[in-house]
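Chains here go by letter, A, B, C, D, E and F, matching the order in which they are written, and residues are numbered from 1 within each.
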């Protein structure tokens, strides 16, 4: 029984933290000024958020049922693997399709590189 | 259990799939598709004899007893339609050999053709509501492909409309199934019939019935026929003839099945609506047929008249009327395919579908002309051709139920049909012959056999009605007595 | 503008595709007892191929997977139909499925069901169709 | 208590989903929307995970993985499209 | 074994061989000779029946056709049928003989001609010998069809085609009405046999369908017999070659209506409606035809109107005679029954004199190249034989002695005078109209007969206005009219021979009540003494001669009647109007716009389903069994709605696509919550693949559609879509509250035992409902191929189908 | 929940219908796919929501949610996918060949 409770505590904690993380990132998604910064918020925090949540679930099942889910591990791994790539691609696509940087931006290194071509 | 019931669906399906794999060999495809159609026809004849001697044949797919698995049910009505389908598709296929063109043949024309037959036969045989939807989809999606096969401007334009209308109707079909499932908790037609009979058809159930009516009306071109004239005029002749012969008939079949087996408790509401819609369809169709001077348009509007007339029989819902409807349905499938094939040949020869630009074809093509004449008479129900008996019985049926207006509309529209179709004959075939044979855009080489075959069919069906009337009566009997169907499906098993 | 290099994408894709393929095969076999099955397995497989198309180009995939997917589709349907026809030999209703438990040397007690063959046909058909559609459109001028 | 926390977590997820939807509507640029779509699917992954804990079932875990995969595939497709206009490349484009 | 049914079919069988013969022997051998023997044989064959039939026997043979529904090819030969049969075959023989000389074997497509003719003859024979009303109807329509073909024999001519169409439309219209009447009749009597109907008459006169059936059947008869106002087809039918006109309009086609009325007199006769309709329409037609005939300038048109008028006469006689049925057998009623005798007699007479007249007109046309009275004249000396025949025919038609027309005309006057004294059916009030109209019509009849004779044969010969040099016709062409003309005279002198063998049996058949007693055996004689009838005839002659002399003075009166009021004009206008109205109507709603069609469909659905659930009290909400709603679910639902609305309002296609994508993801989340993991999985993958497809297509679509523009607001669209949504929702809520049965799915919960699967959904998919899945992957496969062919196969511009 | 879902389905139908009635072909296709979601949800709702556990045996549930509608929806989804794909490509080809993106302009003209 205690295993159950402890698992519930751990899981609940992780899940809550995860969702709060993703909530924060959502705030960032709304508040940040341009696509590049928003992408930062979205990818980093949401990845972290979902990782926590999944970890919570994984632990919960592991402890209560003794069920170690390969799929969840794979899922975590996959999200870990792909989220940055996705963010990278989006940003690159944004830049290449000439999405403006926010007014507050100080520097645009790539500008010179692209101008040369 | 009788696995033969399934063969009319499986044979064309397998044949089509094999042809996809062997795409390159067109001659093989031709031979094989003919073989598949003939085999299907043979199976349906075999089924007919079996049904006659042993009663309704059923197959519980996978061996799962009735309401749980999918039941395939072949009663005489289905079997008759199966046979007619084979005849019609056989002729359309032969016609296609010489008219469809190499490009289309190499682009999966034959598989699509066979899949369409699969869908049609499946719809005729299935005893499960959802499976009916799936069969419809098989038929529809092949028809989408067939109608757009070739990708000409007109084809694409019309297929957008055709596809969209049918998508909408498919959605409504699913919606109706959902409601029915919520209320009855089952999908098997026989089981639905039992359950609805048990609680009676209350207002809500009738409303759902009306929803089904709308769904099938769209497929059957009953009143909601707006999509039809355009889409039947777009594809090549062989395909248009196949559509005219089969597509709307599947909707009609579904209406018959649903409103004789499942929703037959409130005929003064549902069947009256069918009658009103049928009457309107006949009138509007006939008016449309009169209105134009274009072969394809005249013919397509005539398709609706036929639909409306068959529905008048269902609306009357008496044994005589049903016999008439079944008989007329068979006639209509054959004659519509025939008249489309001939009309198409005219267009093929002259390169135009405008009547005012065609004249005197009978000078160069007497056989074609006279076959058209026979078809035209048969179409308007002139005796002793095949349309006659159905007309008499349907009219009698409407009189019996005191829908005199419906019978009157039927008769008046048959006159209008005659007028419209004679317009084609008198302007297209009669008159001065100015187009000599070598000036024509195409030849009738190879096209005459299927046309002649169907012409003979319509004569035989009329003069030799005695040979088929026994089967039609059996079909009527099974339609008018749902309990036969139910017994055959459950075979004494306990229903949940 | 410079042609962007896809190093990151390519390397990730290679890993991802392996994962997806394994996973979809797993889904396919799991289908009988857990969520999954022919459809999802097939669609998953197809999406792996789609991912390949996305990150590499068509020719690359064509060279490495030289299959006519239309034939795959047709064979899939044929397999499904033929499992149904198999039951005719035993004079059972069409599509009668059967299953039994066998003690196989390595796997231990294993369930073998004809339904799996059927499902395999489904999966093939799904893969074939999805890839056919995507490739056809992609190859359009 | 456990359920309550899970519910609260779901509530947070709902909010972040809404935020992402807001981005989908608001834009202003395409990458923003794609990013938001990605975020939605990520938050759905969280949702599925919580649900599977709630229902106490292992059956939903497949969905998590497939959602991850698909959101990746989808994002790449969109990114490709935005970047080059073409989703699937060919060696010799015209 | 009696060969009667087979004999009727002989013309049809021969028709099959005619093209073969023609192919072999034309043009050396005139196909007509081959055909000639068909009616001749039949005529002789039928003659053999006369003795038996005149003794009151009948022949009734039934061959099964569709016995299971009571439609049998049953032939019934009685006096009425026999007289018609003899006319058909007899006049047929003569017409074919005539046609052999009339139709050139070099120029004409004789095989068609004789095939049509044989078809027509067979149809007529079948018509008069059929006992089964549906078989009768079969032959009835066959006569319409074959006469259509005959009239349009010169189908290159527009007028022929139009005339043919007119006759076909009108007669088939009547045929359809008749069919409806027949069906009602058979419903009342439960039989298709006329014989058996007669035994059931008593029970049906009070039936609600009795009157409609009568009117409908009469409509058939009137159209066929060219009664007013359906007479308009007959003059146009003169476009046919003259042998055909002679055949159709003297002996056969138009007589079919008479036959029908006579045949059904035992069924309907005796009711006032029948009496009034038949005699009234007949009388009006008589007047209409004779008055109109006078103004015609075309000889054939004149004869056409005279045919109309004469048919009216016969019809009115039949109507008047039906009064006898009212009284039943008795002395008083025998007086009315004489009218029936007169009808049959005049029928016979009309065939003889009208046949000969048509043939003569054909000869004139053939030999001079015109039928225009204004161009003709003075042919008496050039064509003496034709002149004699014309005199005989015309004077008989005008009702002068010593020709048979005189006898029947006298009997007609007797009948109308009797009718004036009738005191049933409101005849007290209107009875006097009959003799008056009859007399006036007779005057006009007299006038046009005079025109026919004197305008053509006397006066000045105008060779310049003729196409050919006029001369007498070859003898072969003259033989048939000579035979008919000699019959005209022979019948005058021996009327009672004719009546004994032909007329009395026919009358017996029409009035079976009399036949059971003694029958209507009235002696026909030329001299009755100085009675009213004779004075009427004298009056006709005197006034007729007077008016003929002054024809030029008053013929202009015809010009007063405006063109717009003539039947011809009404028909033409009507047809045109129908076409143009149809065109406008159809084009009004068939706009060829998919949006309009969908608007129709949705509106129809909303109205019908919404109306049904409202009117049938189907609305019943019951949310007591609903599952609870949690915060997250509400959020999902809200998200779905927002996403859907985004699609609605977004201007860019990518935004719409992304919105739809997120909608799909959210829906799959709902599936997760609703415990449908398989669904969620599938939905996700499908959604992604679909999105990828959209993106793929977007690439190839030009820039233009990147921005799809603002959605323009349309109130109709909004109303319709809200309606659709409401209907769906209301039905869903009602259905949800009306779960009447447990679903069958509890069975599937044993799927592990049954199918060896723990995943129920999968078990259903691959096992319980594996067939669905099989077809569904076929759908997928077809769609895949469809996409492939759509992309690869492009025939644009190459074929114009 | 069923009530809410019914309303949601109704809304989806409304929006989808409105889109289908619009002129742009793309909107029509999207409208169709929105309606298809509505249909799927409707079938699921009509089967009863959350009436039991996941339809997987061996999860020790006392009752299972109605699995039949799920199977039906699965079939419907796949069929809809096929149809949508085909329809999309037809629209796309129409656009290429006819060169318009407006359903109102898809009318046939007389001289063809």
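Here are a few things to note about the model shown:
Please note the rule applied: a contact is a pair of C-beta atoms (placed from the backbone, for glycine too) under 8 Å apart; a residue touches a chain by one contact, two chains touch by 3 or more.
Because the structure is predicted, anything quoted here is derived from the model rather than measured.
Under the contact definition stated at the top, the chains bordering both chain D and chain F are C, E. Set against the C-alpha centre of chain D, every other chain centre is closer than that of E.
Of all chains, the one whose mean C-alpha position sits at the greatest distance from that of chain F is E. Centrality annotation: B (chain centre taken as mean Cα position, compared with the mean over all protein Cα atoms). Looking at E-F and B-F side by side, the one with more C-beta contacts is E-F. Centroid to centroid, with C-alpha atoms defining each point, chain C and chain F lie 25 Å apart. Rounded to whole angstrom, the centroid-to-centroid distance between chain A and chain F, based on C-alpha atoms, equals 31 Å.
Between chain D and chain E the centroid-to-centroid distance comes to 70 Å (mean Cα coordinates, whole Å). Chain A and chain D, compared by their mean Cα positions, are separated by 10 Å.
The set of chain F residues touching two or more other chains comprises 20, 42, 45-47, 53-54, 56-58, 68, 74-75, 78-79, 82-83, 85-86, 89-90, 92-93, 97, 103, 106, 108. In chain B, the residues touching two or more other chains are 13, 17, 20, 61-62, 130, 134, 137, 141, 144-145, 148, 151-153, 160-161, 164, 168, 175, 178-179, 181-182, 187, 230.
In chain A, the residues that touch at least two other chains are 71, 74, 78, 82, 85, 89, 92, 96. Chains touching one another form the pairs A-C, A-D, B-C, B-E, B-F, C-D, C-E, C-F, D-E, D-F, E-F.
Within the complex formed with chain F, the residues of chain D that make contact are 55, 57, 59-60. Chain A contributes residues 8, 11-12, 15-16, 18-20, 22-23, 25-27, 29-30, 35, 38-39, 42-43, 46-47, 49-50, 53-54, 56-57, 60-61, 64-65, 67, 69, 71-72, 74-75, 78-79, 82-83, 85-87, 89-94, 96-97, 99-100 to its touches with chain D in the complex.
Within the complex formed with chain F, the chain B residues making contact are 130, 134, 137, 140-141, 144-145, 148, 151-154, 156-161, 163-164, 167-168, 170-171, 174-175, 177-179, 181-182, 187, 230.
Across the complex, chain B meets chain C through its residues 1, 3, 6, 10, 13-14, 17-18, 20-21, 23, 59-63.
Within the complex formed with chain E, the chain D residues making contact are 7, 10-11, 13-15, 17-18, 20-21, 24-25, 27, 30, 33-34, 36-37, 40-41, 44, 47-48, 51, 55, 59-60, 62-63, 66-67, 70, 73-74, 77-78, 81-82, 85-88.
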